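Structures follow.
Two complexes come next, and they have one chain in common, subunit A, joined by subunit B in the first and subunit C in the second.
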Partner chain A sequence: MNGPRRSRTARGGLRAGLLLLSALMALLLALPALSGALGLANPALAGEASSAASEVVGNASAATATPAPGAPKTTLADYPRIRGVNSRVLVWLVAQLHLWFAAFVLAVPIFVFIIEAIGMKTRDKRYDEMAYEFIKVSITAYSLTAILGGLLLFSLLVFYPQLTAYLTRVFKESMFYYALLFFIESAALYLYYYGWHWLQGPFAKWVHLTIGLVLNAAGTTLMFLANAWVTFMMSPAGVDSAGAYLGDPWAAIHNYLWNPINLHRFIANIAYGGSIVGAYAAFRFLTATRAEDKAHYDWMGYTANFIAIAALLPLPFAGYYLAAEIYAYSQQMGITLMGGIFAWLFIIQAVLIGTLFLSANYYLWCGMGRSEGAARYNRFIKYIVIVLVGAFLVWFTPHTLVLTNEELKALGGPYHTYLGPLGIMPAKNTAVNIMILFTALSFLIYRRANRVPTVSWAARGNAIQVALYGAGILNIFFLGIYHGYFTNTVYKVASSIPQVMTTLIVIAASLVIDAFIYRRAREIAPLRWGRIPDRAQYALFLLAIAFTWLMGLMGYIRSGIRQHWHVVGIMRDNSADAITPTLGFAANVVSAGTILFMALVIFVFWLSELGARKVQPAGYWQE
Partner chain B sequence: MMGRLLSRIPALLRAALVVVGIYLAATAIFSGLLGQPIPASLMTMYMFFVIVGVFMAFTFTEEGARAMAAPIRALVENPALRPVRNIVFLLVPLAAGAFTYTKMLPSLEAPVELRTIHPAPPSTFKAYGKRYDLLTLENPFRKYEKEDPERFRALVAEGGKIYIRNCQFCHGDKLNGRGPFAPALNPVPLNFQDVGTIAQLQESYLFWRIATGGPGLPEEAAPWISSMPVWQNFLKEDEIWKVILFLYDYTGHRPRAWEK
Partner chain C sequence: MRQFFSVVAFTLLTIGFFAGFSNFGIPQIEPAPPPKEEKIALGAMTMEDFIALGERIFKGKGTCTLCHNPVGGRAPLLDQIGKVAAKRLADPRYKGEARDVEGYLHESLVKPSAYVVKGFGKKGTGDTVSPMPDVSGGSIGLSEAEIAAVIAYLQSASGVEVTVEIPAGAEPAAKAEKETAGEGRPLYASAEEAMRELGCGACHKVAGEQGEVGPDLTHIGAKRDRAYLRRAILDPNADIAEGFEPDQMPPDYGEQLYAKELEMIVDYLAGLK
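Let's look at the complex of A and B:
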């Protein structure tokens, strides 16, 4: 009796779910049409609006036409103060906390979607369970993201009302769709999470995966929209020189730095999400008492670290592209960024990025202990350490040194004859490409730890891989040294692209060759999940903390290069805080934010396991 | 033979020897051989990450980690090592205290400063009674490099003469920032031969810096202590552009440009 009824209920639920999903999809598909109707995406209408606005500005004296208002010219009185509250620091911290959580909750569904799809393809339930656990962590963080988003909005309204009003005037359409998309994202996320165990089975699983796709599409679009508001403040478009909105929403969104930020944030979010989930797995690993739990969280930590590394590898290139675009847009912003006052923060950034590479590699090497077969490769690790640390030292060597007077005299100037050339980008690009290549090499060695190849051409395949690496490294050095130091700046900047391509080609080709060499490989010693030292888990924590700190620091720099402008060249910041704080103060604020965020993350981790705890309150309830 | 000898040394001591060896080698090479010491601030950063690297190399296996920790464990747990432990427990805080004391001790040495070498240029600036847009400003003589090489050579030579008459006293006759006045200046004059100075900049940037000098530096990272004169008061606009041609020609650098 019970079975058919449950099955009918399930079918009914499925129908309801499908209906809701169809509605969501329809809404999503209807967005372009809706936006077209409102003139958001219709170039013709937008053009009309634009020319109309220009006309209005052009005929400002005409009695019938109202001139489009320019950006507000504020005075100190336009910035309300609340006793005991530093409005800039408050907005700074809240915005940063919102961004950290948002990056995490946007990234997790991306790789959950991929892991779920892998589980569907392989029919390995462990993937499905792990994907579910990933999304479980992010769902608690989701409400915190929304709360912090609300707090940010209210803080902006209270402390920066003129700026908020101006941005709202320019971005009214995208802000409206943002709210709508947020609704879709929330609906999809809750359906995705709560429907996980309900939507199981051949067809239902596809439905579930589709909800995941909708969730990711909505989340990523949300981020792109918010990015447009931020990049508009750096490289305004769609307004005239006085800041008057010309009526074309797409022009304002598609400003000069929008796509570079979109790309950079998309990749960085995945790396960041991976690192935070890795920290969660490490937390659970360290607190687990049963061997099977340790094994599960070890596997989860490994997967999370893999995701973080996979996204970390192309990240420096995306960052370089963004910095180059900032420079191309404004020499002033570009020099402030990397040659001027913020250059010293870039040294800290370099140290943190190096820390990411070192901790991710250390985790992989420690993980080789899962199999006895890895002992064969242990002797190679010290050479990888030498290369990684050597490249890391080049990576953070500053061009202008911090010198005592005595040192200044001994060197005969602020530059070091031999170390000075390591302070500019060609050396940095070379170093980071080498670090990436050797991180990939660590991964290749890890993959081989428990297996021996059975194909007859294994030795030749190996030789090809060694030759590929050798040729790649030579090419990277040639490009870095010759084009970096013996040609002009055009080639210097341009040579970074073939360097990147060399790195990517070597990694991809080596992985493909490796996959063929180790097809039907013989396992010589099994991988024992859970057999990993605790210190490897601390490497995962370090990864998450370094990522968080790095994002805070670079977020401040990105925002800080606007200096005394709310919107560069259009709307001046006339508040009491329209100064660039000292580097120490900025670093302290970012550090305080990092500690606050990590405390909240630990709270989220604790909450996510709270649901499984049960207590029998003896004598409390009536029997 | 050597390997067997090394393996007899306790892991912790081996790790310490590697770190000390790297430090001594770096000091010998840079201070002794090359005559360019590594500044203390940079050496501290280098050595910190060298120690991290050595720690990683020695501890990524269980056996390695155990071997590294063994002397420390023995020191803390072995009752026979009690006298050594007492000495170590006394020496470590004393060393930390001495280090802190020497670091905090006031000295006559001027504090180090984080100098901004490339101040961010404004988008426009005023010189010679008119306003220049730095985004569009170009060297009016650069075109002759291709169009009329003979004239270009003559302009470079003129720039050289102006440089020798006005600039070499600080920036040096080899453009390496070591002119006869340089030892008296702090910050020292810029070394144009360095790959990180004019090679990284556009000609318009150089024009702005030369024309407005130290007083024309932006508020960012103020107060400035540059002694660079305001050259618009002493040189004509054309003369500055010719000097810029000479700077790039003599050093072999190319001005930064976005397109060929």
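Let's look at the complex of A and C:
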């Protein structure tokens, strides 16, 4: 892939990405109207629904109307058991496996749509072929997602019948339309996949792309609806204090944490989908024997890694927004999230996110070996490594240490004299912003590897970029130190928003300046796709495994902060498993789930290439 | 096939590392079981008992002191609430229907937005919406009898006449005193246990420990009053004892301790004479 083509590609990708984002945002904005059209927010209908209970007893009079029933008050007997089956672990594993596959099959069509659009814009058939290969991988995973969804529903019906009945009562409308949306999504997916080679040509390609848009709109709406049921359990709305449904479906859907979860999952799915497809490309690269196959899968792996990193960069911000909203919704839930036993979960999270950032960067650095021109930048890599590892260690530093009394005496308190201050949130926010900035820097360096600029103002442009980075880093440090150590506890996290804005501005401005500097740049050494060490492919595997495991862990905390409530403050969990498990136990369940998921994913990968295998059984068929 | 097994081995090793770190690299804390629901016997209570119950709910189950405390500044202090209630009822910004102090307090607990003290409203609402939840719902879920007890305590603590009557009839459901809070940790049973768990003795001479990093607390109750002691725990740098350096004591004990535990420790220290 040469330089100018890459620039065109970037522009085409940007436009297509913006188009998709606009479409999804429009969908999000249109949801209230859509819900109105479907009767979800129709006050008249809401009134009918709320009076449904009274209609059961007939039309005698309004005075005899029965109020809507509240949330069930369960006892141990309301939770059926099956000998030899731990119901909580089973539901946990099935739900998590369903979510992993769902995240994958929702994300792949999003970037397949973008890659197809890039192919249309650049008229480079390789993009079209790669997009097709991506969707081929996800098509088998689609049926597995549906099977796991069915298994989850049956598990809930069997083991948590009261909760399932209650949620069905509140969300009957959205569950009904959720099932109908499956038809639209499935129809769009099959048309999109099987019609790929049929719908080719100037007009037909537009039709095909439109089907892709419908597929993504249906898939994203499905996810938003399912998110509503999950967030209702955390921040119930549309019901009274006893849990009685008030009859407005939109109020129950549009609960306090719905949009923060929607945003977080939307971005995380893209990063996750990228990482899984990256693992697929890495596996195919390792097993390929022909040079052109290696080149193809190297390019595919690079693209998948690019997608994963592009979505990974804003992900911590979306996560922070979600956590802040949880805090704003319920201070008690926020304290549960960030304190107590869950506080140590964030140290595990630090290890995983550190793994993600380091492996993504490592892959980029290995990829610089594709062009001899990259040798100019090799000397910078070691400094980026030092910064990334330093930032990771800050993130990894716990606040309060668990010590014996003797250790406490020796240390003079529960905090380490020098390292203790690094355990607080402002220090960690500073570290993560620096980590993101330097990952973006790795990408900038990679972009330049095989090219030299031809514009006359290149040196000045470069100086502006350096100044931007310098000023940004200074500002991030100033905000972190000032708010973290020189203000009242209440203002300690006040640095987060301006820090995030600084990081985003520096990255966006640097990328824009870079795009202009390298316009019509001269290629000094071609990028040789396929020339990358095998160990770089293991970085892609590491990315996929760490992502999967991290999603499982964060799923545990999202659910765990409800503590002994099915629906917080409304419906109490009175099962034998209402207790919060230890982090070690949760990690073991997540690990078992990850192994199961990886085994299924390998099966899916194998199936996706099975169709191309043909055997001619000599003498079997009549001639 | 070799590549396949290499990838499988790599995957299992990576997952094993994450699981191993989570099991052996961090402390395994056994969360407390969920709180059990018990009954409070109101029948045999005197008004003093009832006010004391209100205080316990205010500082414990009600989680009121999480925000209504002198340190965080998240919500107004309530030490004069009985005296200022009448002024608030006459304030044009008042949107409620209460006619007396008791009614105002009840309304503040279940409809907090009826009157929002200036500077304490939700951001962007111009102090018209309170960030406080309805204490009768959600995870706080106080019963009417518990709300009455809190009102009795607030009236008593702010030096006005206690007008609330102890509810008669059915005993209200209320959660046990040995309740877990936020992160699931059970309350410390005594000041000594709390101080032992928090490692106060590592720095102070107190409760049989001989720490020397911080001031000797053996007779602290003879020298300092309760307000000073409370402040010293919540905001350690507010007053630095002579001969000692600031920033030595962790500033977040206010976040680690539940209100009831804090008061238990203050009581204990105040008694060291």
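Here are some notes:
To be clear about the criterion, the second predicted complex is superposed on the first by the 554 of 623 C-alpha atoms of A that agree within 3 Å, B and C clash if a C-alpha of one lies under 4 Å from a C-alpha of the other, contacts with A are read in each partner's own complex, and residues count from 1 in each chain.
Keep in mind that, in the parts below, a residue touches a chain if its C-beta (ideal position, glycine included) is under 8 Å from a C-beta of that chain, and two chains touch if they have at least 3 such contacts.
Treat the numbers as computed from the prediction; the structure is a model and nothing was measured.
On the superposed subunit A, the two partners subunit B and subunit C do not both fit; they clash.
After overlaying the two complexes on the shared chain, residue contacts for A:Q331 are found with subunit B and with subunit C alike.
In the superposition on chain A, A:Q96 makes contact with neither subunit B nor subunit C.
Judged by the touch definition given at the top, the superposed model places A:S241 against subunit C, while subunit B stays out of reach. Of the two partner chains placed by superposition, only subunit C is touched by A:M598; subunit B is not.
Of the two partner chains, both subunit B and subunit C are touched by A:Q563. With both structures placed on the common chain, the touch criterion links A:F283 to subunit C but leaves subunit B unconnected. With both structures placed on the common chain, the touch criterion links A:R535 to subunit B but leaves subunit C unconnected.
In the superposed model, A:F392 lies in contact with subunit B only, and not with subunit C. Once chain A of one complex is fitted onto chain A of the other, the partner contacts of A:S575 are absent, as it touches neither subunit B nor subunit C.
Put simply, subunit A uses residues 328, 330-333, 335-336, 339-341, 343-344, 351, 400, 402-403, 405, 408-409, 411-415, 488-490, 563, 569, 580, 583 to touch subunit B in one complex and subunit C in the other.
Listing the residues of subunit A that touch subunit B in their complex gives 328, 330-333, 335-336, 339-341, 343-344, 351, 354, 358, 361-362, 365-366, 368-369, 378, 381-382, 385-386, 388-389, 392-393, 396-421, 423-424, 485, 487-490, 533, 535, 563, 569, 580, 583.
Of all residues in subunit B, those touching subunit A in their complex are 30, 34, 36-42, 45-46, 49-50, 52-54, 56-57, 59-62, 65, 109-110, 112-123, 134-135, 176-178, 183, 186-188, 191, 194-196, 199-200, 202, 205, 220-221, 253-260. Subunit A meets subunit C in the complex at residues 241, 283, 286-287, 328, 330-333, 335-336, 339-344, 347-348, 351-352, 400, 402-403, 405, 408-409, 411-415, 488-490, 538, 541-542, 545-546, 549, 563-565, 568-569, 572-573, 578-584, 586-588, 590-591, 594-595, 598. Those residues of subunit C that touch subunit A in the complex are listed here as 3-4, 6-7, 10-12, 14-16, 18-19, 21-23, 26-31, 33-35, 63, 66-67, 71-74, 131, 133-134, 136-141, 181-185, 196, 198-199, 201-203, 209, 211, 213, 248-252, 254-256.
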